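Each of the next two complexes has chain A plus one other chain: chain B in the first, chain C in the second.
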Partner chain A sequence: MSNVIGLYQPGRSPLHRLPAGWKFLALLVFAVLIVVFDRLWQLGVGAAVLCVGFAVARLRPGVVLRTMRTVLVLLAVVFALQWWLLGALSAAVVCLRLLVAIGAANLFTLTTRVDDLVAAIERAASPLRRFGVRPETLGLLVGLTVQAVGALSVIARQTREAQRARDAGRSVAAFTVPFLIRTLRHADELGEALAARGVGDEDGSDAARLSEELRR
Partner chain B sequence: MSDSTPQRSATRHRQPAADLARIVVFAAFIAVLGTFPGIYLAGAAAPIVLQNLGPLLSGSLLGPRRGTASVVLFLTLVALGLPLLSGGRGGIAPFFGPSAGFLFGWILSALVVGLIVFLSRKPTLPVLLVANLAGIAVDYLVGLPVMAAVIGDFRAAGIAMLRYVPGDLAKVVVVSLVAAAVHRAFPNSTPRKASTAR
Partner chain C sequence: MIEFDGVGHSYGEHTVLDDVRLRLDERRVAFVGANGSGKSTLARMINGLVLPTRGRVLVDGLDPARDGKRVRNRVGFVFTNPDSQIVMPTAGEDVAFSLRRKGIPKAERERRAAEALAEHGLAGYAEHPAQQLSGGQKQLLALCAMLVLEPDVLVCDEPTTLLDLRNKRRFAERLRGLEQQVVLVTHDLELLDDFDRVVVLDEGRVVADDEPDEALRYYRELVV
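So, the complex of A and B:
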């Protein structure tokens, strides 16, 4: 699935090279610590560690800021409300904690390739095989869904053009109904294509092959 | 020979590939809804984002099992690092933030909407209105306490979310109208308890 790019920012830093599974564990530990700490100086140390992480990963500040933009707006609202309701100190603690936790999660996402994460999850979930779970279908599902997003984007554009051509107004319903009908039709076509390739059959060998094809 | 026929039709009935395709395509549908910019409607304090129509429509059109699965798949893709949430957000961070509960609430939302539509005889407009209202309510039921826990104050969470309520109520009506129209145009999209036996 090298076609799945996502939010990943290519790089060669130690954080980029750290295996996805271990990185995720580190993120969880860090997040738990951030939730447990409730002194401002403790959270300050957490923020400093996070800043070192960003520096080590050599991410462009513009990229980092872009991922934090919506969160910053929300935090501003939360900070104002908290200050008004509970006072400045507790507002600062709550907002710094959120900022650091969300920043750490973003650092993880920006330095971890989707492929690697999928592979790590498939590996971690392999003990579930004895309960009838097939972890390798995750890669297949991700690949199929990413392709479907592309197909539906085209369908959405065509629907909008058709709507404009017959001057059908700009209401949400006038767009969504035809879009959904074409979406369901696309799903039926995909279902037939998958059935023809044996996806959903008991052995699932063709599913594995299709997954391989999607990866390329 | 003839013994194997009923068994065969039984496995046909499940149609795993068709189910999988619907789940995948609706997960993608929710993603595509996120690419539309927010609309400012008169009187609404927050931009109306279309993406949370997705779980409601998935439940309304696919039923409880496949609708819920499509929402779970969509959220999985987001968590894996794909920028599919409205505004191009993605990764694990949205699941750590104050509105994380509203994302997890989508799963329950699709389930509840799907169950109500599934258990009803016919997906009429009143049924869809009730189902989608319940779906939105469930999302708030999960989302608000989580937000309150994250920012440490229930009043602040309530005040922060109040501005979304008018838009979400409008969405219930739009989704129900849309789903009713799609059900008319595409009658057998949802497996139904009573009418499949017909």
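So, the complex of A and C:
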């Protein structure tokens, strides 16, 4: 699998056991710092911190490399482009920044169960309830977003295989159209499955009313 | 008790179901019929995923059109495609997700999810990425995520269509052992040997409603 964002890898390291909410907050702060930093040595420090994080998490290097492979290819392209447009130093800054930010996001998803993240977001959002925000819906949204990355990559793979089986070549339309249709069908089925599991059945929720409307 | 009282359904001009009258209180009921016969639509009406445009459905006296939430609390639903029923990344989280709306604390949710997984032959898969399970395991996971809510009725819409023979048998075995009332939509007629009642649908109407032997003989003649 060539997901840009890695899937959770079970483990017992301190990073795995850190509460999801704090970890998420730390990720946000780290990402903001990485965006603000524009010196190579500052980003180098960020990269070093990240490496310590990976070491502490005791993830198998194979897993980490696999999740970063697609990113590295993309970064090579960005680097070449930036070098040509803005010079080597600025290219290095941009690429290192991207690498460290995506790496940190990866470290987070590799060591955090989505269920824990969803629970943390629901807890954090619960004071917003009085303003009409539904924490459960917010949590579900985040959970499904992470899950969608996996689902879409499976659909993309299936579409490519079907394309190859029919010898349809590498045309963009031959991939895009079936990919979109499969994705929409998946969305339809997922919506039904969620409704069957009672999502949107919370009292007076907008989702319940909306899904009722859609079903009519 | 599931009652269909003169139920019909149309998408615009196209009539999918017409004047279906059934009272289902047997433990094992099957809907069979050709593609497009309306059997899936009929099954979806039991938990209010599709609402009738004519007539009325009652599940233990509750109308899914009005009491959707309470009906869905009683009726579990397993779909054909295992991939689109899994909403959380790991098997354990997916089962625990079902329990979330019951307001059960997290530790208790995880414990019950692990228990339910073990019961369905998925012990040790709690932290396993759900998308990497085999098709058969995914369908067992979907079943598990429904049964953990202890529904009174379980509706399955062609749950074995995408499974190989071994997994088909394994899934059928699970269904056989359930206490719940089961309504099964299927093309796998060999699953229906021990069923109490088989309803045959054709072009949106009930054309046979009998014990499996009789109903399936009629169905086989119908498709020839």
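Definition applied: the second predicted complex is superposed on the first by the 128 of 216 C-alpha atoms of A that agree within 3 Å, B and C clash if a C-alpha of one lies under 4 Å from a C-alpha of the other, contacts with A are read in each partner's own complex, and residues count from 1 in each chain.
Assume a residue touches a chain if its C-beta (ideal position, glycine included) is under 8 Å from a C-beta of that chain, and two chains touch if they have at least 3 such contacts.
Note that the coordinates shown come from a computational prediction; the quantities given were computed from them, not determined experimentally.
**Student:** Would you sort A:Leu190 into first (chain B), second (chain C), both or neither based on which partner it touches?
**Tutor:** Once the two structures are laid over each other on A, A:Leu190 reaches both partners.
**Student:** In this superposition, which partner touches a larger number of chain A residues, chain B or chain C?
**Tutor:** Per-residue touch count on chain A favours B.
**Student:** Can A:Val64 be said to touch chain B (first), chain C (second), both, or neither?
**Tutor:** In the superposition, A:Val64 touches no partner, neither chain B nor chain C.
**Student:** Between chain B (first) and chain C (second), which does A:Val94 come into contact with in this model arrangement: first, second, both, or neither?
**Tutor:** Once the two structures are laid over each other on A, A:Val94 reaches chain B alone.
**Student:** If we overlay the two complexes on their shared chain A, which of chain B and chain C does A:Val49 touch? Say first, second, both or neither.
**Tutor:** In the superposed model, A:Val49 contacts neither chain B nor chain C.
**Student:** For A:Ala26, is the partner it touches chain B (first), chain C (second), both, or none of the two (neither)?
**Tutor:** neither
**Student:** Is A:Ala119 touching the first partner chain B, the second partner chain C, both, or neither of them?
**Tutor:** second
**Student:** Applying the touch criterion given at the start, work out whether A:Pro10 contacts chain B, chain C, both or neither, answering first, second, both or neither.
**Tutor:** second
**Student:** Where on chain A do chain B and chain C both make contact?
**Tutor:** Touching chain B and chain C on chain A: residues 7-8, 113-114, 144, 146, 151, 186, 190, 192-195, 199, 201.
**Student:** Residues of chain B touching chain A in their complex?
**Tutor:** 15-22, 24-29, 31-32, 35, 39, 50, 53, 57, 61, 73-74, 76-77, 80-84, 87, 89-93, 95-99, 150-153, 155-156, 159-160, 174, 177-178, 181-182, 185-186, 189
**Student:** Under the stated contact criterion, what part of chain C meets chain A in this complex?
**Tutor:** It is residues 44, 47-51, 68-69, 72-73, 76-77, 79, 81, 83-90, 92-93, 96-98, 100-101, 106, 127, 129, 131, 145-146 of chain C that touch chain A.
**Student:** Under the touch definition given earlier, write down the residues of chain A that touch chain C in their complex.
**Tutor:** Checking each residue of chain A against chain C gives 7-8, 10, 113-115, 119, 136, 143-144, 146-147, 150-151, 154, 186, 189-190, 192-199, 201-203, 208, 212, 215-216.
**Student:** Touching residues of chain A toward chain B in the complex: what are they?
**Tutor:** 4, 6-8, 27, 31, 67, 70-71, 74, 77-78, 81-82, 85-86, 90, 94, 98, 101-102, 105-106, 108-110, 112-114, 117-118, 138, 141-142, 144-146, 148-149, 151-153, 156, 172-173, 176-177, 180-181, 183-184, 186-188, 190-195, 199-201
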